[in-house]
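What follows is a group of structures, each given as structure tokens.
There are two complexes below, and they share chain A, which is joined by chain B in the first and by chain C in the second.
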Partner chain A sequence: MSDLIGFIPLAPLLGFLFIGFLNKSLTKGWVSFFACGAVFVAFILSSVLFFNLLNAPEGQAAFTYTAFDWITTGNFSVSFSFLVDPLSATMMMIITGVGFLIHVYSVGYMYHDDGFRRFFMYLNLFIFFMLLLVMGSNYLLMFVGWEGVGLCSYLLIGFWFKNQDYNDAAKKAFIMNRIGDLGLILGVILIFVTFGSINYADVFSKAGEFPVGSEIITWITILLFVGAIGKSAQIPLYTWLPDAMAGPTPVSALIHAATMVTAGVYMIARNNVLYTLSPFTLEIVTVIGLATALFAATIAIAQNDIKKVLAYSTVSQLGLMFVALGLGAFTTGIFHMATHAFFKALLFLGAGSVIHGMSDEQDIRKMGGLRKYLPITFITFLVGTLAIAGIPPFAGFFSKDEILANAFAHSKVVYAVGAIASLLTSFYMFRLFFLTFSGENRASEEVKHHIHESPKSMTIPLMVLAVLSLIGGFMGVPEVLGGSHALNNFLSPVFAQSAQIAGEHHHLDHSTELILMGLIVGLTLVMIFIAYSIYVRRKSVPTSNEASLGAAHRLVYNKYYVDEAYNTVVVKPLYFLSKVFDSVVEKLLIDNIVNGTGKAITWGSKTLRLVQTGNTGFYILAMVISIIVLLVSRSFL
Partner chain B sequence: MNAVYILSGLGIFSLLAEIFSFRKILFPIVLLGLLATAGLLVMDWNTGTSHFSNMLTFDNYAIAFSAGIAVIAFLWFLMSRDYFENNTHVTDHFALVLFSLVGAVFMVSYSNLAMLFLGIEILSISLYIMAGSKMTDLFSNEASFKYFLMGSFATGFLLFGIALVYGVTGSFDLGKINQVITAGSTEFSALLYAGVLLMMVGLAFKISAVPFHFWAPDVYEGSPTVVTAFMSTIVKIAAFAGFFRLFATCFASVSGEWVNVVQVIAVLTLVVSNITAVYQNSVKRMLAFSSIAHAGYLLITLVALNEISASAILYYVLAYAAASLAAFAVLHNVAFENENASAESFNGLSKRNPFHAFAMTVALLSLAGIPPLAGFFAKYYIFTVAFESGYVGIVLLAVVTSLIGIYYYFRIIIAMYLKAPETTTPVAVTTMHNVMLVICLLSTIILGLFPDMIIKLI
Partner chain C sequence: MQNILSFLILIPLLGSLAALLIRPTQTSLFRWLALIAVTLQLILFIVLVSNYEAGGGFQFVEQRSWISLDLGSWGTLKADYFLGVDGMSLPLIGLAIFVMLIACISSWNGVTNPKGYFSLYLLLNAAVVGSFAALDFLLFYVFFEFMLLPMFFLIGIWGGSRREYASIKFFLYTLLGSILILIVMIGLYLSVNDPSGSGGLVHTFNMLHMSDPSNYISNTILDPNNIVTLGPFSARSWAFLFLFFGFAIKLPMVPLHTWLPDAHVEASTPVSVILAALLLKIGAYGMLRIAYPIFPEAALDFSVMVAVFAVISILYGALTAMASKDLKRMIAYSSVSHMGFVLLGLASGTTEGVTGAVYQMVSHGILSAMLFIIAGVLYDRTGDRLIRNYSGLAGKMPYFFAMVLIAFFASMGMPAFSGFIGELMIFLGAFKSNAHNGLIHESLAIIATLGLIFGAAYFLWAIQRMFFGTYDVKGNARNSILPDLNNREILMLFPLAVVTFIFGVYPQPLLDLINPFATDFVNHLLYQGRILSPHL
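And then the complex of A and B:
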């Protein structure tokens, strides 16, 4: 069984190499075949492992596979080995499953693009690195994957590199991630210093010797969390994700919604033992998650770009996942991550289908009435919207409700803020939905003429994801609704040690839970109704005249001017500092040292060369003198 | 031991080939003979037999170096065939080369100072003739004569040194000399010191270490390119292996007495050769200085003598020989008739012959010590040896000189790829050269990827 593991990341890597090397000689059909096929193989193998784990006897909760010893120096040794336990198996299912659907979708979406082959190359490479990230059995391998997906994200955001704005967006994503990565690598180094190993198994078993609240563990977890903040777009490093929408839409769905941005969630869940040992860090995680969830949700209300709304929604949902993690409800975080992968991928792909049908229009003010033009997209998008809004029995309901229930048990404030964020979510999502699909079409005549439903390769993934968004929640039906929470049971071995440290969790009684559920669903329906009355009954369309907006609205419309603030506080001083270094340190100091060394050696060479006169007599004389010096020198050396 | 018989037999066969005119089949027979030599040597692995009343000992050290020399000679013959066919009496020169190989084998396997001397002389006398093998070329004649004059001078020192050591210890046998020196309750006498030092001078001359290197640039430049390749690979390897064998076994117990001198020579060699090479415009002369510089790196192992020195040297010389032969082969083809080439004649080689440009690049990168090529690990192991013995200073210096080395090696690479060619005529090459280059390149890469193959041998 374990032997299969190596092939899972290998398949997309081979796909990448194959398409890369045979680039020009492959037709688009073959490129699609190899790219999708590679991910499909990975998906099948992941499923086999997944179901094996599901049926595995008690106690055998993980497979490991060591490909080779990677680095061995002194007391530091790392092997290139994989760990497949319930947590990584769940991640692998999402990465390869959703990844495969998005690959298929991209065949239709990117078909007329000149960079078709390059696109699939990057996409396969991304899947490879993402699998490394979740499958690695040590921090270094995770870090390689972590950096690799960052690279792919950069390449794909700037995929249409002829547009300078897109390049800037790609650079922004890369640089902001780099800040987070610095935290991550420092955390890993600190782990090595503290535990003397960077293998998960060693670290977690040794962590048991540390008391709860230990200072060094707090530092480690904070540093790791900095990495998660960058990768998962949390305050204050979230501004890259909305800009990352510059990439092709399937990329936004795969990388910037379903998989890569959830790497931070995975990483914290993987390190649950360390985080449980540091209640202080967990508080920080909760606060940051909560703030991000609310903050991003308010921004999303006033955005008019269909992908930007979804991007802020992603940031907000990621915030909710961190709230769950911060509350110590690791399973809940993973649960929401999984359902979010389904419905957010669906929404992005639906948005892609809309953009595709509307001749690359992304402004929802110019859409409207698309229901009759794009029936399949309409239905599936509706499913996605209901799922994210948390209407039962759609997937989002179960996972979001679980987060809120946990929050309520922990503190009423966390619950209230979380509830507000999720109510805002249902408002802006239905605003988006109504503006896009209902009413009259507001596009120009020319665009209107061309509107068409997308090809099958795009609509079929939409339908599959819609089904998943509909039934995905059933893997975690809570007890109060008569379920047994299969996911919880499946994942429990991974979090067993944490549960032991944290002790018994405070549980809500069933009646409170039901009341909360009813309350939130009722309020969500109210929010939907408000959106309906504004955007359908009153047919109001957001104005394009910024000056006519109220002050608060304008603040939100301009995303609280965070980008501008970063620009003034960080970017400009950095540029200034860079200029100073360039003109003083670089040009005056380093250049002179470097050029001086070169000149000195050239001069030395010119001079020494003259010793080589070509005169044999001189040569012999020089030798004789040298010998005499050496003989005499015995008394000195 | 069979190796010596086969090589000598091949040499005599070459001489007869002229008389009985089977010149045509001579070349393949020589190639087969060299492979057979290497094969027979490998079969003797771990036997450690002595011959001629303990004059030669084929221990693993001797076998590894002799087999290496046979393989390098094989490649060298592939490279130089066209030169001998066109310019000289092929049979005579084949015989000379084969006899000099016998000398080289003596030099790595001797256990008696008389055999060391004999080996050096057999090797050198053949070389004096080969350096002048282009009879109508004044430079070739000059090289031959200079080499002969200075070589005989150095041989004098070596012989003098051997005589002094004999005078003190009463033996030519390495083992006995070592016994006498180790057991000698008296202090290290001035007479013995002089003997050791004079032998060191004689051998330092052979490996062209500064300040006994003056002959090398002139002789390397004046000799035909293929002969230069022979001198800078096989001769250098044999000489250094002989040098190391003497000092690591015979005089190791009194290393405190001579190590400082070697250190001074190593430092001078590294600095002078690398710096002088920077300003050379003739590629052949640049390679000559580069070859001196590599002797400097090798000397570090003798300074920092420990149990892994020998393996480090073996790996180094093999890596160096593979890269060096490739570089000389390319130079040979680029310079063509005039036997010499400036850096400018490499301009735009990537367009005139992409494979040659690539081969030259790999060879130069390996010589410069860029990973993952063999040249990198060669330097790495030598620096490891020095580090383990605590010679940090000399490692730092060697790293700096390696950096200088990168400058002059990259000059050629830049010329090949970034400068416009002076002529557009493609460089004509024979299949044999391409085969030989492919073998050299593969060895350079494979040795770099799997250094353990060699490094665990002895």
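And then the complex of A and C:
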């Protein structure tokens, strides 16, 4: 069984190399075949492992595979080896499964693009690095994957590199991620210094010797969390993700919604032992997650670009996942990550289908009435919207409810803020939905004339994802609704150690849980009704005139001016500093000292030359004076 | 087999002499001569590596009496022809031969006066290999100085429009370094006795004897058992500082670096490649081989200073690179930044840090060669190096762009390429140092990581300005056509890309060479340093 593991990341890597080297000699059909096929192979192998784990006997909860000894020097030793346990298996299923669907979708979406081959090369490379990230059995391999997906994200955001705005977005994404990455690598180095190893198994077993609240573990977990903040777009490093929407829409679905941005969630879940040992860091995670969830949700309300709304929604949903992790409910975080992967990928792909049908229009003010033109997209998008809004029995309901239940048990404030964020979500999502699909079409006649439903390669993935968004929640039906929470049981070995450290979780009694559930569903319906009355009954369309907006609205519309603030506080001073170094320190200071020294020596030798007068008397005088000076100085020493 | 190192030095030296005998009209003969010489070196090097035993200390040692002068009551002056390789010099010799081969291919077409050029190139080759193999200080110094001369002419004759200014600046800077080193060498010569000499006093230049405190003649100026104080420091501290700054000029370390951008901008592509990939390494090599082992206690004393200079170099180099308008200048400053990491690893005094430093030297050799060839590819086509004069090259030159991506991302420290391994090791060492040996504080390592962000910024910015956007060329480039890479360029860039990739994915073979050296180095440094140091 373990021998299969190596082939899982190998398949997309081979796909990448194959398409890369044969480039021009492959037709588009073959490119699609190899690219999708590679991911499909990885998916099949992952499924085999997944079901083996599911049926594995008690105690045998992981497969490992070592490819080779990687780096050994001093006390530092790390091998190139993979670990497939329930956590990584779940991630692998999402990455390869959703990844495969998005590959298929991309065949249709990108068919007429000049960069078709390049696109699938990058996409396969991304899957490879993402698998490395979740399958590595040590921090270094995770870091390699972590950086690698960042590289692919950079290449794919700037995929249409003729547009310099897109390139700005790509560069921004890479550099903001780099800031987070430094936190991560420093955390990994600190782990090595503290534990003498960077293999998960060694670190977690040694971590048991540390007391809860140990200072060094707190530092480690904070540094790792900095990495998660960058990659999962949390405050204060979130501004790259909305800009990253410059990439082709399948990329937004795959990288910037379903997989890469959830790497931070995976990483914290993987390190659950360390985080459980540091309640202080968990508090920080909760606060940052909560703030991000609310903050991004408010911005999403005022955005008019279909992808920007979804992007801020992703930031907000990722915030909710971090709230779950911060509360120590690691399974819940992973659960929401999985359902979110389904419905957010669906929403992005649906948005892509809309953009495709509307001749690349992304502004929802110019859409409307698309229900008639794009029936499949309409139905599937509705499923996605219901799922994210948390209407039972769609997937988002179960996972979001679980987060809120955990929050309620922990603190009423966390619950309230989380509930507000999720109510805002249902509002802006239905605002988006109604503006796009209901009412009259507001596009120009020419665009209207061309509106068409997408080809099968695009609609089939939409339908599959819609089914997953519909039934995906059933992997985690809570006890109160008569379920057994299959996901919880499956993942429990991964979190066993931290459950032991944390001790008994206080559970809500069933009646409270049911009341909360009913309350949130009721309020969600109210939100949907408000959105309905504004955007369907009153046929209100957001204005394009910024000046007519109220102050608060304008603040939100301009995303709280965070980008502008970063620009003024960080970017400009840095460029200024580099200019000062280059033109003042370098050219004026150092070079003048150097050239000045040269001139001084030239001048000195010219002057000293004049001493050689050729006059014997002068030489004798100089000699006598020198001897006197020597003798005097000798008698003093 | 025993004289293999001598052959590695003799082959280019003889080649250089042979070039002088060929008539200058036989223009294409010179490059073939150079190519054959380097190929022979490469074959010999492969033999060398396959017979090298990792961890076996100095091997392929050759020791012959070179100068032996009886000076009566002043003892005997003794300098040996003394060669040998260990886990640090072996990879560097390999790097030297590989880079020389690339530089030879790079000089294949269009060199004016090939007789002089290839003769100097081969002389430089011999001097570089000789410096990495010499174990006698005087012999090292001779090779070291012999690099200066051909380099001066290679920049001054075959360079760009301000070549004379650049070559004189280069010459004066490095001459200053040489003088500092010379002073210490004479001091050491006066202070060190050859224990193998029968009874009488034998002054020696043997570096290995110099590293052993028991070989010092008592009451000499650098005798560690009888400290002579001059001003604020002991004579040995002064000696360390002289050596350190002497070699730091070559490294180059901020603020002693300003010769480098000028020399690079004016030098032709192959000369830039040799300069960045090999000559800078001699600076670090000198610290590792000479300054640190001979004056371990001073090295420990000044480790914070070294680390601070390292961090300044890393950040200053990166920030200045960001402001550079000229592609070659940007790459030159990135070298300053990257060599700062070498210094940081060294200052950490840990096995990881020192291993990383040597690894980074090899990695930077490969990557800087690649970067300068990339700059050369454009300059050959257009005669223009200004970043702002290019845009949208990615669509026009896709294979070239692929190579640029590899070189730039590898230089940013992207995993799967050699730079990552080196920098990771260096950070591990620098971070561990405080807890392990108390030499440098973690905060220095943390500040140094900012260099990685700035590094990403200037490389990405250059990619964005030159390769993305719509295709357009301005300035000198405006009338040029820009064909994609030709076969000769692929022949240079592709092997470099493959090597940086292999060293990034499978670093263990190289680490196995370096690691025993680093372990011995650190043990010697900490053990002897603590014994000799009055206050540690």
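In this section, the second predicted complex is superposed on the first by the 583 of 637 C-alpha atoms of A that agree within 3 Å, B and C clash if a C-alpha of one lies under 4 Å from a C-alpha of the other, contacts with A are read in each partner's own complex, and residues count from 1 in each chain.
Methods note: a contact is a pair of C-beta atoms (placed from the backbone, for glycine too) under 8 Å apart; a residue touches a chain by one contact, two chains touch by 3 or more.
In this text the structure is predicted, and so the values were computed from the model without any measurement.
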- Query: When the two structures are overlaid on chain A, which partner does A:G196 contact: first (chain B), second (chain C), both, or neither?
  - Reply: neither
- Query: For A:G148, is the partner it touches chain B (first), chain C (second), both, or none of the two (neither)?
  - Reply: second
- Look at A:I179 in the shared chain and tell me whether it touches chain B only, chain C only, both, or neither; answer first, second, both or neither. second
- Could you say whether A:K606 touches chain B, chain C, both of them, or neither, answering first, second, both or neither? first
- Task: Could you tell me if A:G74 is touching chain B, chain C, both of them or neither one (first, second, both, neither)?
- Result: second
- Look at the residues of chain A and decide whether chain B or chain C touches more of them. C
- Message: Under the stated touch criterion, which partner chain does A:I590 make contact with: chain B (first), chain C (second), both, or neither?
- Response: second
- First (chain B), second (chain C), both or neither: which does A:I627 touch? first
- Message: I'd like to check the shared interface: which positions of chain A are touched by both chain B and chain C across the two complexes?
- Response: 598
- Query: So in the complex, which bits of chain A are touching chain C?
  - Reply: 68-76, 140, 143-144, 147-148, 151, 154, 158, 161-164, 167-168, 170-171, 174-175, 178-179, 182, 185-186, 189-190, 192-193, 574-575, 577-579, 581-583, 585-586, 590-591, 594, 598
- So, in the complex, the side of chain B touching chain A is made of residues 146, 149-150, 153-154, 157, 190, 193-194, 197-198, 201, 205, 211-212, 214-215, 217-218, 260-261, 264, 272, 275-280, 404, 407
- What does chain C use to touch chain A in their complex? 169, 172-173, 255, 258-259, 316, 319-320, 322-324, 350-352, 355, 392, 394-395, 409, 414-416, 421, 424-425, 427-428, 431-432, 435, 445-446, 449-450, 452-454, 456-457, 460-461, 464, 467-470, 506-508, 511, 514-515, 518-519
- If you look only at chain A, which of its residues touch chain B in the complex? 598, 601-602, 604-606, 608-609, 611-612, 614, 616, 618-620, 622-623, 626-627, 630-631, 633-634, 637
